[in-house]
Structure formats: structure tokens, C-alpha cells
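Just so it is clear, A, B, C and D label the chains in written order, and each chain counts residues from 1 on its own.
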């Protein structure tokens, strides 16, 4: 997992400290703390993990071990419009793979990678529970149902010029 | 409070929420406001109605009108026509797929006819953000009975008599599990609700938490009292923001009412619940992995025994049940063990919620008595196969389950029967497949999932599943050899027998069951290098039938890689080395001149 | 918010809250209750069907009758508005025309409570409104 | 008393205590079940049984699956089979799977011959790997002391347990999941950028070639071949008690004389003994202790007590990383290896009229961290390190084998003088409790001015992780603490920080057992009795020595007279003392 080098400022460190404190600096709450931290920073760069570890009294290696175990955590910033393609079974049998391929083709990026302009990133997720709408694609919080490869362009266009 | 004459129940489940092109609740409320009807008609956001295929759904009560595929722009018509004039909005009623008749209420819809709702009893009726609604529906009464009359052991006895088995997958008798946890002496015990629904294609737990969070809270308190635990934890997927929000609201309401906290209902019993988030690891559905994860560790399972009932969270006796199991418990206490035991089959009592999805007309969340046959579920409730295609298989139990076929359609669904035919109940995913689905690809799909979700702790699962996947990939790529089939069998057996946890012990099920039921399809892939379902791209090629081709150039224009050549009005040709097998040419040809070989 | 201190408290509270949910519960299974449908099209409202509906709702609650009152569209008896349709559980529906509060009171007391027919029935040859359309 | 339960294994009945695992019950019946991840160092209180490798699976009558014998406990009436065709096929298949994700460079692997995986593949008669496919690959990482070639990792997680649970260093963790899962430092960085102390306990327990020490044997051979160089070798005390094992001798066989012969045969110009420097360490550290103790007894509130030993480089790294705020407490005395290097390259080089840059000092150590220690900048003069190369006991064995030396038939020879003379006190440096016992012998006499007759301080000996004792120095009660294994060290330091424990002096060794259990020693393969035997050997050598107190070593006395002046004097400070660094990583940008 490659990480982006970041410079942390005192206020970032204070924020992490505050989050850790909210969770009583209790090693057990590491995952909850990582959730809150990722929500704040958008991702979990190594420097952030180091401080989380220090605050939670857990080694950086272990924090990294936990971060890389769970697919929800990421060490690279996502695009401004993160595209998640559901590849749960219901979506799979209704053609999610071809939709995914089309997104990859049109944006020219692989899964887990952010486009050069920082706008889009593609991720796969397992079942958002909207199987009635399969195949399902999410852009940020917005859900698109019954997406076909033909509809991919429209979805991208919706965000392409948005700022 | 003003007396309401009418309720507009708007489904607030994720499925409906996602398919609405705007804020339906807001649109309806504004329309009512505009017509000065806010005092008489109440808009209520409820949990999932189950019929996700046709969402967003709005139900009008008390006249029980079931509107499907409602969008915000329909609000005006609903209010002006239905609310004011009492005329049903015809175009929003469900249309029977065969008779084309419009059906106005859920009672008469095939989708609902065979269902009995116990776990989902409040979904679609109560406002999940209102504890008063829940209390009005006998909510927390079971807790009162347990605390005031039954006491711990009698409660566990009722659980045992009811025959309730864990709904999370394994089907272990819940009462027995409670008994073990109770019998292990400790001054510190825990109750854990497993809401880490990770099975792709299953969303019953999420629907329950979104639609009726209090039932889970009530059951957890009962559980805590029965085993002498004072602390509960809900381990929930972080990907379920709505369920988390509603659960938090419900927890706060229960605390305000004193149903959580110290001295609950004057019984002297203390109990509270906290939330722990999952972070995207299927293996954390396994209870020992879940406990690791709750302790802030990597979610790697540990060897059982010791079971969590002896040594679980923080090394203390812990009882883990999943959401659906808990949702049954207050009803069992209220209506009695024998009532519950009268529903279902011999060794599987009560109902089971299934997430019916795939190539079936009525996708959605259903709750049927144990012992209902697959045929009833797929062809009656599910309305048969989409687009008039032929039924081929149904996959139950998710990545741990198997693919069943025609010959299993009349098998009554229960824990033991499904295992007998090589599948599993699992958490209740049920994916229907049609003639276009290649069974080798389907097992490859599941193995892909397992490989990604394996924790990597034990060798058979870590490496074995990867190798299984690679062999399947080879076969679907047309590079399979006859001996690969023997390798699949041996590997599957060893992974099943030698893996550490439930994930590895069941991961070969999709392979084994498809090999049992569709062996000829595997053989065909390996020996003839053919995929009859036409889904393995490497095993097929598109060709133009010269007699049929009129040279309209439609295919050539649609081809994304320009691999179709030929002048206008001349027979076209597909350059095989360039073709990416997207199928566009076949789709666009009006003269049936493109074929797959 | 006050804490619930005992099972008795809870039961009391539940009794108070039942009304809130009754409308919905009955609607879930309308066939188990007596249903009264009030025609509420323009013609009905003009001739006072709204008042009749309010009356029916209030009174059936006061008298503790197991009744679901709903509104319907025009039943096609504009000459006899307000019209209401009464369906006892398991029985065929019957339609009354020219219903005012007095008539409504009679229908509740006799038809709904005792199952006796009241004057003013419009013969519809046993068809529900829906089927007629 | 717990009741006994009856089980049968391969139809042989046995009675075992409740809670006994199938593996242990089988062992009692002399039924060997192969294990890869399981490790039981029972004398150290270390048991590692994640149940992950699945090599030890057995068949239990009535069980659906094949349970792992290392963690599955016997239940009454259990019928166990360890060798049915079903078990053997599964075991073989699992092995084939493990090998399918393992590099095929056995012949040139550093672990070849001592690799548990290789041996097991041999035992199972694996001749082909039917399940070939993608292999997981990772970046190789070479640090000053340890090489991580984790393509060879089989996820037994022993190293992780040693690093986190036993040593509490926290340099390693399981990372990723599924097929990519492996053990690595945070962010997959090199060990150098982690809090690793190079204690080498991960290396000591790794069943494959995934973790090995940096091999310096070629550099040593290069120096020996260079006619311009004078090559001096020093050997640490624990080496002589373990080297024989590499040649098939019983654990605890003392091979001091043979080792000396072998080193001479290899071509070293001077064969010296680190024990000499250990005596020197006692002079410096003992003096420091007495100085601080004396001030303390006079009521000086600023004096730093307890004094902590500083001869173990793993331990030094540990407090630099984890307790930097306590870096003023340890003794400033360099370790024996570094004292030796400094004396060799200054005093001895001068004495034999060899230029510093023409002298090569090689150390043979039971330790991996010594490789790192010798590379620390403060131990170099103008880029020339005081100790040029540090090789482990295992590497020395390789050198001897490479040079066709028949170790068994070598005669016993003595070390060269003057840096080869040592006392019994220095010999026991190699075991936990030894350094402080040696220091006590000298400190007693220097403090009281009386002669110490009974030199054996039995209360300081043993294998418990943390030991406490009080030594009566003619009325002055000196409280002594001992910890071995960094986890125990952490515990002791936390107690001191909290004010729970009060000591005057504490000895800490990074490795369980002290240097006898060092990361550079012949592999114990999970048999902790070996460490006990090595310990016994050292005490035996001590007991047999004519001189058993460091300050009585005549060559030490000469050294002070001729060169150093007095302990902790000016020259000593320059050559024999050091300072410590705060190595805690901080990212905060202002």
C-alpha cells in the first residue's frame, strides 16, 4: 500500500489527540478511532497512523496491520467524486463487471486509483443492499441503480464539469 | 395531538432511498402543507417494505394502498387525487407481470401472499425513529415480562423450547448458546449483536436495524439479563450509515426512558449498549474474528474451543447473536415458545428472512416460514425468472453456500435440508440465476470474493483458495485441463477439512456444489473449450453469417475497437484478433447476422 | 422525558400510545375490521361527506367500535351524496346514500354494532367500487 | 487436583491431565506430529499456538473436520488418529500449497539445512508441486543486522509474537490479509526505520529463510586474505557454550579450547577473548555504581539510581526507542564488544606497532544486535569502526565448515595474551544475572574493602523473567533487579516509573535467558532445555576458573597501570564510555 507523504501541522495532531481522547485512548477502540480519523482526513497516511498509534498506546506496526486488514481504510486520498461499483452477487449476475470495465475504460484508471486530475477514483464494494436496483453504482453518497455500460458516460459527465 | 385520518408510509430503506430521485418525504409533506392537510395526514418514514424491486414505495393507510416506483413529482397526484379525492393513482399501482392487472394492496400481491413477518413485523409499520411507535406495538413488553416474571433461567428455557436457531449462518440453537454463557461463572460477561452483514447480496440485518432498531435493543437487554451480562455491544458495518444513525437514536431514546441504564423497570438490573464499527472484513462475521475486531485487532479468527461463551470479548464469557436472531426474541417471549415452534419445519422453527435477488422478477426482502420450498420462493413470491428466461440455479448462503438446481426446487428450505444438498442457510442471501449464467464463472466469482476476504491466518484458506481461483480462471480462459477437475475436488476437500474457521471451511462450497450439480458444464469448458451460457469470453467468438448480412454497417459503426470490416451492402467480417467480445454487434444487428460460436 | 419505572408503567404507556398506531395496524389487515369508505369526490364533499367522515371517525372511536374509516373517490351515486360503503369482516359491502350525521349514527349503532341493515341501501348488485371501474 | 482423562492416539491409550492438547499427549506417547507455526519455549513461559499452519491436523473420531493438535485439547474418551490416509493427504496437500507460495532457491538459501520447512517437505516426501500459481512477492529489506526476505514467510507469526508479546518492541505486525498477508514493519518500511532493536529473537524463531542475520563471513575471509591487515578476533562468553551444537555436540558442551584452535586455523592473527573486555566493563560499570551509590548514601538527591547495565545493544536500542526520557539512567559504560574494539585499536595496536587502519577487529557474538552496535557512528574514528565485523555463532560455524576444519578432532588451545585473559566473573556475562553477579563480586570488595570468600550469589541466578534480590555489602543493603527479555524489562521500567519498585542496580538482557539465548546462537528449534544446558555450562566454566573476580584479572590491572590510569578516569571516558540518543520518531511539523 503506497502512501502519500504528508506534513502534519500541530492542529492536525491536536485533532487526532482529541479523537483518541474521545475514545478514552483505549487500544480496544482503535478501529473506531481510525474511522473518525479517516473521516476527518479523508484517508489515513502513515504519519497520521503513527500519531494514532502513539495516542492509543499501540505500535505503529500494529496500526498499519489493522489499517491494511480492513478494506474500509485507505492510505491514499480518494477522488473528489469517489465512484463505488457494487460487486455483490446480485449486481454481479446483473452485469456489474461490464459496468466496472466501462468505468475503468472511460476514466483510464484501475480500481483503487485516483484519476490524475484528482476528480474520480474507482472502488469496488460488496453489496450496498440495494439489490433491487442491481447493478448499483455510488458516486459519493448518491446511488445510481440499474446502471448499464451505456449509462456510464452520463454518470461521469454529471461530475466532469462540476466544481 | 391532532387526530390523523391518514398515514402516508414512505419506505426509508436504503434500496428505496437510493432509487428516489429526490426527497420523497419532503415532496409529500410540502404538497400536504400546500393543501392545508398537514394536520390530517401524517407522513411517516418507515423501515423496508421488502419489495425493493419496485421502490421507492409509499403505502397509504388505513386504506392499504401500495404505490410502487413513486418519485417526488408524483407527490402532487397522490395528494390531489388520493388524499383529497380518495381516488387511487392508477399508474403508481403494482402491475401484475403476467395478467397486467393493477393491484392496489400488498395483501393481494403474490410477493406478500406467502410471507409471515415475525422478524420484520414492525418494518413498514413503525417509525423507526420513534420509541413510542415501538412501545405501542407491544415493544419492551417482553423485557418487562422477563425482568418482572420469568427470571433468567425460565427465559432461557423459553428460548430453548422455541427452537430458535441462530440466523447468522451456522444455525446453532440460540437457547443452548445462552445457557452455555449463563453457566460459565464470571463477574463480567458480554452480549454482542453481530450486525456485520458482509454476505454480498444479503441485507436483512440492515433492514431490521433501519426499520425496527428497538427490537434488537430489547432482545439484547433480555439476553444480558438471562446470562447475567451488564454490557452489550453492537458490531455494525460502517457501510450502513442509515442503520447506525437509527440505532443511535434508538439507543438514546431507550436511555431516556430508562430502558437502558441502571435499574431497568425497577428490577435492579443494569444494562447498556455501545457501538463498535466494522471496517469491511467479511471474516468478522465469524464470531471469534468479530471479537478480535471489537478489541481493536485485526479480525483474525481464533481456534474454537474455547468458544466465546467461555472466553470471548476481553476474555470473558460472551454471547454473540446476529440481528435477525435478536429480532425474533421479543415476539417469542410475548407469544410463547409453542406459538413460535408451531411455525416452520421439524428442526428449524419460525421464519427466515431472505434477500431474494438476481434474475428474478420480484427482488426484495422476504420472510417466509421455514420449510417453504425454493419453488414457492422463486416462482410465487419472486414472480419467476426475469425476461422470460429459463431458471438454472439458485445460490443460497452466499460465499459459504452452494448452487442448487431444478432438482432441489421442491426442497423445503431449512438449515438441515440445505446442508444435505450441499449448500447452507448462511445469512439468507438467495440469488437466482438463469440460462445465461455460467456455473464455472459463478464459482469463480465466489472464490474471488473468498480470496479477497480470507484473513490469511491459516495456510489452506490463504493459499488454497487462491489456487482454487487460479484453476477456475484457467478453465474459464479455455486453458483448463482434465486433471484440473480432480485438483479442484482434492483442494476443495482439504480446504474444507483443514481450515481454521467457518470462512475457509465453507469457501469451497460454491465449487463443490456446482461440480456436483453441473459437472458437464465443467467438462465442456475443459474438453470442448465451450461455455454454453455464453459468459466466458475466451471460449467464444462472434461471427457474421454471410447469408443474413445485408451490409448495413450498423455493427461496424457500433464496434468500439473497429474490428468489423466490409463495404456498405457487402458482407462484413469480424477480425477475431482484434475483437474484445463486447457483443455490441450482435445487439445492434437487426438481421440476426451475428452469431456466437 | 420521564423514565419508565416498572412493567405497569410500561403497560399504561402502551395503552396510551396504541391509538397512535391503530390506524396503521388496522390498515395492514383491513379485512379483519369493519371498513367504512366515504365517497369524497367533489360532489361528495359539496354535499357534506367530509363532516360525515369526521363524525364517523370520532364516534367510532368514542363508542370503541372496531372500524376503519377511509375515503374513496366518486362512487357514481352523485344523486345520493354523501354515500358511504360499509363492509363487515367477511361480508359483502353495502352502500348507503344520503348519509348525514343522524344516518351515520344509526349505521354505527345498528349495522356495525348489531349487524342489522338500515334503510337507505343503494343496490349495487354486489360489486365493489374498484371492480366497477 | 484435576481429574485425569483417557484418550487413545493411534489406538494407544494414554491418561492425561485435563487441558492437555492432543499434540502434547501424542508427544508423551512418542508420536511425532509435524508443526510449523507452533512453538513452545516452556522454560521461558512462551507458547505460540495460533493454529495457523494446519500441518499438525489430526483425525478425531466424530469430528467433521481435521482439528489442529497443537491447540485442540483432549476430551475424555477422545479417539485420535494422526496418520490415516485422510490426514496424510490433507497434510501433504497443505504442504504442497505452502511450497507453491515459496521461492525455490533452497540450495542457496541461508537457512538451507536448518530450515524447518525444508525438513518437513523432506519428511513428507514432496516431489512435485501440483498447485502452482502466483507467488506473493515483497521487497527485500537489509538492515545493519537483519535481512528480511519475506517472500519466504509462511505466516507462522512466531516473529510477531516474539517482537510484540515477548519483547514488546512492536516493530513487526501481521499486515494485509488473505494471500498478501505477511509480517512486516509499519508501512512496509525497512527495519531501520522501525523501533527494531535488532535483538534477533525473530531470526531465532523463524522456521524458514524469511528472517536471517546479515552474513559477514565473506568480509571476514576477505580481511584474512589481505596480507596488509592484522586481523584480531574476540569471542563472546556465550559462544563457547553453544558452538558445539552446530557440530552435533550436546547442548551445554563447552568448546572454548576447540574454538580457539579453529580460529587460529582460520588464520586470525590474534585470538582474543571478549571476556577480557567483560572484566574491563565490570571495572568501569562497578566503579560507576559505587560512585552513584556512595553519593546516594550520602544523601545526594540528584544522583540517578538505579543504575542500569548497558552491555546489551538490544536493550540499549530499546530504551532509546521506548524510554528516551530515561536515557540518563543506564551506565555510560560501553559494551564489552566495543570496549574490546577500542582497546584493541588503541592500546593493543600501539603496543604491537600496527597502524589503526591496518588492524581489523572481528567479533564472534551470540547476537544479531552486535552487528548493529558495531555500526553505530559513535564507535568509529574517522570512519574506521572499532569493530570491523561482527559474526554470529552460526556464521562462525559456517566458516569452520567452509574451511574443512574437523571441529571434533581439534585440540584445546588457549587464547592469546594480553587481551585473552579473563576471570570467571566475565564468563557468566553470557547468562541472565551474570553481569550483575560479576559486578557484585567486584563492588563488594571495593565497597567494603574486605575479601569476598563466597563468590556465588545464587539469589541472582535463575530463569524467571524478573528477579529481585538484596545483597548485603557489609551492612549496606543493595537492592538488585534482573530482567531478561525486553517485555520483562518494560515491565520493570514501568514499575520504576510508577515508583512501585526501588532498586540500586538493575541488569537487563534483551534476549530470554540472556546471551545464551541470543538471536545469533544455533537455532533451538523450540527446545528451551537447550538454553538451560548452555547456562549450566557457563556457571561450570566460572566455577573452574582460578580467578573469579574481574578486578583480580592481572592483565586488567596492567592495562590500567600502563594505559588507562583509573576506572572512569579521563582516558576511560574517552575510550570506554558512551552516550545515548532519543530515537523516538516524531512527525509533528511546527
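Going forward, contacts are C-beta pairs under 8 Å (C-beta built on N, C-alpha and C of every residue); 3 or more make two chains touch, one makes a residue touch a chain.
Worth saying up front: this structure is predicted, and the values here are computed from it rather than measured.
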item: Pair exhibiting more inter-chain C-beta contacts, A-D or B-D; value: B-D
item: Geometric centre: closest chain by C-alpha means; value: A
item: Approximate Å spacing (C-alpha centroids) for the pair chain B, chain D; value: 54
item: Centre distance in Å when chain A and chain D are each reduced to the mean of their C-alpha atoms; value: 43
item: Centroid spacing, where centroids are CA-atom means, of chain A and chain B in whole angstrom; value: 23
item: Multi-partner residues of chain A (each touching 2 or more other chains); value: 65, 69
item: Touching two or more other chains - residue numbers and ranges from chain B; value: 281, 298, 300, 452, 455
item: Shared interface positions of chain C, touching two or more other chains; value: none
item: Pairs of chains satisfying the touch condition; value: A-B, A-D, B-C, B-D
item: Residue ranges of chain D touching chain A (in the complex, touch as defined); value: 164, 170-177, 184-188, 194-195, 585, 587-590
item: In the complex with chain B, residue positions of chain A that touch it; value: 26-32, 34-35, 56, 58, 65-66, 69-73, 87-90, 92-94, 125-134, 136, 143, 145
item: Complex contact set, residues of chain C against chain B; value: 1-7, 9-11, 13-14, 17-18, 20-21, 23-31, 37-42, 53, 57-58, 68-74, 130
item: Residue ranges of chain A in contact with chain D within the complex; value: 1, 3, 7-10, 13, 46-47, 49-51, 53, 59-65, 68-69
item: Of all residues in chain B, those that touch chain C in their complex; value: 1, 3-7, 9, 44, 61-64, 81, 84-88, 104-105, 107, 125-126, 132-133, 135-141, 144-145, 147-148, 256-259, 265-266
